[in-house]
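The following pair of complexes shares a single chain, chain A, combined with chain B in the former and chain C in the latter.
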Partner chain A sequence: MDDKVKTAETSSGHVKVVENATCTFCGCVCDDMVLTVDLDQKKITKAKNACVLGRAWFAEHVHEDNVPPALLDGQPVSVEAAIEEAARILVEARFPITYGLSDTTCEAQREAVAITDMIRGNLDTTTSVCHGPSGLAFQGIGESTMTLGEVKNRADLVIYWGGNPAESHPRHFTRYAVTPKGMFTPNGKKDRYVVLVDVRRTPSAPVADLFLQVKPGHDFELAWALRALVRGRRLDPGIEEATGIPLATLTDLAARMKSCRYGVLFFGMGLTMTRGRHFNSGAVLALATDLNEYTHFVAKPVRGHGNVTGADNVVSWQTGFPFGVNFSRGFPRFNPGEFTTVDTLSRGDADAALIVASDPAANFPKAAIEHLGRIPVISLDAKETATSRLARVAFRTATYGISVAGTVYRMDDVPITLRTAFESKLPSDEDILTALRTRIKALLLARGQAAKSRSAATRTAA
Partner chain B sequence: MSLRLQLRTRPEVPVEADALAPDRLQGLKTPEVESLPLIHGNENCVVGDFFAADGECNGELHLEGDLSRIKHLGSGMKSGTLHIHGDAGAHLGVGMSGGQVIVDGNAGDWVGPEMSGGRICVKGNAGHMVGAAYRGSPMGMTGGEIIIGGCARNELGHGMRNGLIAVGGDSGDFTGVNMLAGTIIVLGRLGLRPGASMKRGTIVTLHDSELLPTFSYACCFRPPFLGLYLLHLRQLDLAVADAHISGRYARWCGDSIELNRGEILLYKT
Partner chain C sequence: MKSHNSTPAGAAGPIRIVNGRIHDPANGIDGAVRDLCVESGRIVESAPVGARRIDAAGMVIMPGGVDIHCHIAGPKVNLARKLQPEDHRRDPHPGTLYTRSGTGGTVPSTFATGYRYASLGYTTAMEAAVPPIGARHTLEELHDTPVIDKGFYVLLGNNIFLQRLLKEGRRDEFRQAVAWWVNSTKAYATKLVNPGGDEPWKGKRNANVSDIDETNEVFGISPRQIIDAFVDAVHEMRLPHPPHIHCNNLGHSGNYATTLETMKTAGDRRLHIAHIQFHSYGGQPGKSPSSAAQPIVEYVNAHPNITCDVGQVMFGKSTIMTADAPLAYMLRNLKKNKWVNADTECESGCGIVPFSYQEKIYVHALQWAIGLELFLMSADPWRIILSTDHPNGGSFLSYPKLIRLLMDREFRKEEIKRVHKKAISRTVLADLDREYTLNEIAIISRAGPARALGLRNKGHLGPGADADITVYDDDADRERMFNAPRYVVKSGRVVIDDHEFREDFSGRLLHIAPEYDATIVQTVRPFFEDYYSIEFDNYAVGDSFLHDHEVIPSRPA
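Right after this comes the complex of A and B.
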């Protein structure tokens, strides 16, 4: 048994303590959890070190023995029968799309990529609706990157732009970027200057030494003004009217950025999902690039879902592109706007969908959801969702990080291994997707052979 | 005699029709045309599965029906005329180097990406990325003309290196972003942040526009070249008034983050 897992009989029953467990709720992927698991009731009673979100995440998972693992048109069926139907749908489709992937393990993501490649489908992840624009900007501008450990040990200027980590990633401040004491930041917060750029004062603001309230929708202009100042260009004082921030404040900040020892820009969805999208992230990345002429500066998106970074990594290493990849012609092509899921659904291009661990039927635009209702959908999720309710084939799978082990990536592209708290009778996403891939392969082989013998027959007849 | 292809079956999923360019169909008999390959989603099909062919191509190809789901029409064409009597799908005239494409209706995203010559005239509206660079590529169109009668959406002329793009209506955000050279003339209004990161090149609009802080005012003048361009556009049926041809334009230089050799001309009187 893993020496990090201890089981003990206590007066209240059979209890297990899992040390160094990992929380997969947000992109921080904290791997210092100490979970106390009640093995009789199969639930986590205590999650030491977790933040409020993490505690809620661990508390809400109780073992569900009675849920059927597979539904076909809402009726319970065997997993095999559901796999058979799912494989048939995907093999027969002309423009099948795969979407989701951010809340599952890298091992399952890999299977989903293989399936999409085999069926010549269209592959996209939830990145396309959160930091997809940053993915585009990385390609256009490049990324000056780091790990969060480096930030903890070295960063003396930390800028958060368009995000509210106090509420979305509660331990980002305390574990990585603001208060922890590091090798070259022995006094923690005292050794750092923290800047927050946002359109309104959020609960993250008290942490900041400088809060810049940018006019809504003018982040690009602000980043552009900072770039100009860093490059020593003259700016008109009218910039205050355009961005909401006085020229003197910007000049000071630009000087501080150039003179810091190690600066970091963390940017969030306030930047990527407002008008300008990939150009907003691109402007911030370019600002970091410019600053490297003077000092060491890095930029990193603050990623949301547990393993969305893993999805980017897995899809990139297998196809060469992070999201919005199309295999219709047998080789990967990348074109966000054409091959991203909101577009393939809203335009009515897709004729079947495999949705893994995400709920587009709840949060996509109306036209996309309507199209999703018209085509056969196969869904894999650890809970019942709007998507699983409209799916023709719905698999119920075990939760990653709680009942499924595997690998997830933290937002700084560091892979982290998961430890399970308790077993589940439900299959994992990986189990289902592997079985589906095997069945699809067999069907495609049979189809290839049938086509071959058909053409041989035509030749003989001729 | 020209070749007519009539769409008889509307495709269920997008079709990629790289084969449908007049120079590629030159001299082919109807059955040969109908057996040319198309890609319907992930399936290999032939032209005859969707189109009925009539006539023989002598450099003129007419496509009829709603082609908004047919992508890559006129891709890589070098000569001849492709006339689309209806709407056209995405990637129209991708990488073309000569000849002419006429669209009577609207066109999808990516009209004439990375084209190097020839002319595309869209009578209706066009989508995003007209004359743009593909993602990951540094350079958009390097020559030729794209004339859009209606409006165009975002990133018009992204990374454009040479040539002319004219829009009769408004353009979207980031018109001429990362532009390296060339001319963009928008008779309507420019969207937000025109010319961001432009190195050289000219963007003209007949209206006022809010510019980025990295653009600076230079002067107000009568650009002699512009009269010639506008006369040319008037011949191509864009609504250009005499006052625009002889008018004065405010010249703004930018983008100072880059070379500062680009210009945005705003019509004054």
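Right after this comes the complex of A and C.
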């Protein structure tokens, strides 16, 4: 921990430029940022190449070296004292839960999974409230997919479904999927046909050559109709009433999908969090799979948080399952709906919570938030949040991608190493979680040895 | 980066193993009873007074196992893990106070993978196919794969930039670029999978290349030119392991001709053919296959520059995971069950299909028999190495059963009776009476793979070797014997002590660092800026991704 808590440089007028820095605001994880950093003010004054969201992420970052790194019941305490209390809470809990993880580094995520494994807790990430249904669909259907560079180099048909990248992932169009010129798409946008499927005409619509306004809650019917048309089945014109889109339009689109050279289907939470959920994700994944009988076709969920894809990967390689994992029996079990955090909290199951880089107290359903208020919560966040305000132990940690290096995974599973703009006096999530794991392990070993000597004493007595 | 696994103190002191029968073929020891001493993680001539004494009377001692070809970490492995919750659910791997929990199945979680390899007496394993852009991911997973030493092979056989250099005849820059790529990813060896096959798959409506001399329409070179260039470059650089190649036409009837041509392309330079069983089929393309084990094994027997691993098929559940995307799609179409395809920009393809091999299916029984034919007709066990291409032909957990099939003729005969009769009748398997000796098993699972990999401190028990040791009870049931070593020592630590798992630590990453002319970076950079989606300066993997590691030197001139 010590090497990361250095005093930052204080020479006046010191400005540095960080090239190839990475923006961790959204799942695009653009790694071509050129940051101008005022080391005196500890402020990023310019973020070249950043989109409007990225500029806000960097420019609005307020460096707070003077905030206490740990609060216990709202009062500043030493990090060591806070670790001690957090470890005690987690070791004594009967149903501890870990949640969040999507806005921190893989290094920190690995520690969080290790802790949850040791305390036989429940492990879940924000995937369960965003693309969790796509994870389930993946388990059933599989996925024909690609890295984003393939889209840039090859895609001549790009479909966005249930998402509004112009506002949620502004550089998705320009850096990866619509306008960039690639190896087999030398003319950029001119070489691509772009389709947008959504329930309303969003700011993304002007980019599209074809906009399909699907009836809200009827994405599944639309995807299934396209599957039928791709396979040459005849369809009742009543499909227009069901989906809001005329049969002729769908027939044309199906023909276009079959005849393209490299087709891509991106889908968002407009698909996963509406009626049908994992059936919707499954339907579009199956559609992309079907199309491989005619041409090359791939699909990909457009992930939100900066490292939610890393969380999926870490949890999968350490447990075999992507989210919604429970260790109470001493090994990982997977059951979304039971071990997903909204559910564990709403049922009132959890008796302690470790929340990392996420704010469930601000955005979970009421019953879940109420239960969070009843149990001891340990929070790690770079900002003060609704969750940190209700936490028994609240750690204030340095921001990843600005003051913390490490690994994040882009939405297409490509791992990228972060570069820092300036140092922070605050510890990183990884620092805190490593210290917490070490302390928990010591407590558990002591408990194990005590149990062993108790049973030895019993044997001797017998 | 910190180590994720702690170690109980005092577990790595000196050891003297006495009274055991040692099988150390690299040092010409075939079952002699000798003391074996360990200190500071190495085999030594003698251990100090006070060393821990392990009595191995009635036991068999071998170097730790070395898996030359398996799929245990990285992007495709993790996709295959995510794909199969049903596979994990049946096979939990409970944690202990010292060890992490996990799940098994054909694609176990990383922790379960490390512990389970160790529990078979294997102490080294090589992940056989990683696209360069996925190197960081692989290194993170390998760090979380405990106990065993490990490395990975980097996929370069469909690398678009390298193909362009070849097309333009820039052989020297090609060699420099290969070295740069290996360095930039911390890889152990170069890997070619279905060279030239990616472009028709991605760019020509899921087509494939079918002839080693077929010139690619886009890049203007043939698979043979790619293979030749890699054999040449790796030979020039004297890398510890030759190009590791998954030939064209895997799984297709009549593919043995492609395999022979691939081997001939190498001339007398070194080449490793991966999972050669899958490349030893006779018959006409598109028709039912037959065995071509004979011509393949004859060629390998006669050419000491060739090494191969078998890729034995074992009946039961498997997971097909391969950079050979057209092959996975072909298998997907058998049942149209769930399937993953994953294209990696400028570098690779990938396909994943859950699979099962069944005794009563002609092709599966034939594949099983061809693998055994290759083992039993091999004239040089040093060069025909044990593997199941885990988890493609079956899990590494089936190695003990495979060893029994090789060592126990009566058991083999019983097993033959259970499988498709017509398939067996199309092979010579039923006529092969050979039984592997313990020494030959030590060669195909330890000494041979270590030598083929150029790991001079592995696969043997001479002074200076890594103290990776397995001690088995000598049991007539060889499957039971190889399933449960009594002691496993890894880097001088007693990981398994009287059958009990006692230790947990990270193991080491093995990689190479061939020299290259730094100016090659300026040649590669413009291509990146045009065609990759990450920045060139963020591409090379930094040292923070290395956990405990060892750079393996090039072969001496």
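FYI, the second predicted complex is superposed on the first by the 450 of 462 C-alpha atoms of A that agree within 3 Å, B and C clash if a C-alpha of one lies under 4 Å from a C-alpha of the other, contacts with A are read in each partner's own complex, and residues count from 1 in each chain.
In this text, contacts are C-beta pairs under 8 Å (C-beta built on N, C-alpha and C of every residue); 3 or more make two chains touch, one makes a residue touch a chain.
Values in this document were obtained by computation on a predicted structure and should not be read as measured data.
Within the superposed three-chain model, A:150 lies in touch with chain C and out of touch with chain B [touch as defined at top]. Looking at the shared chain after the overlay, A:381 reaches neither chain B nor chain C. Touch criterion met: A:119 reaches chain B, while chain C stays clear of it. When the two complexes are overlaid on their common chain A, residue A:84 makes contact with neither chain B nor chain C. Touch criterion met: A:139 reaches chain B and chain C at once. In the superposition on chain A, A:328 contacts chain B only, with no contact to chain C. According to the touch criterion, the shared surface of chain A, contacted by chain B in one complex and chain C in the other, consists of residues 139-140, 327, 329, 334. The residues of chain B lying in touch with chain A in their complex are 12-14, 16, 39-43, 90, 109-110, 128-129, 134-136, 173-174, 177, 192-193, 196, 212-214, 216, 256-257. Remark: chain A residues 19-20, 22, 31-32, 106-107, 110, 114, 117-118, 135, 138-150, 152-154, 175-176, 182-184, 261-262, 289, 292, 294-296, 298, 312-314, 316-322, 327, 329-334, 405, 407, 409-410, 413-417, 434, 441, 444-445, 448 touch chain C in the complex. The touching residues of chain A, when paired with chain B in their complex, are 93-96, 119-121, 136, 139-140, 220-221, 224-225, 227-228, 231, 233, 235-236, 238-239, 242, 275-276, 279, 327-329, 334-338, 349-351.
Within the complex formed with chain A, the chain C residues making contact are 1-2, 4, 6, 73, 75, 77-79, 81-85, 88-89, 92-95, 97, 100-103, 105, 107-111, 133-134, 136-137, 140-141, 144, 160, 201-203, 205-206, 329, 338-346, 352, 530-535, 537-538, 542, 544.
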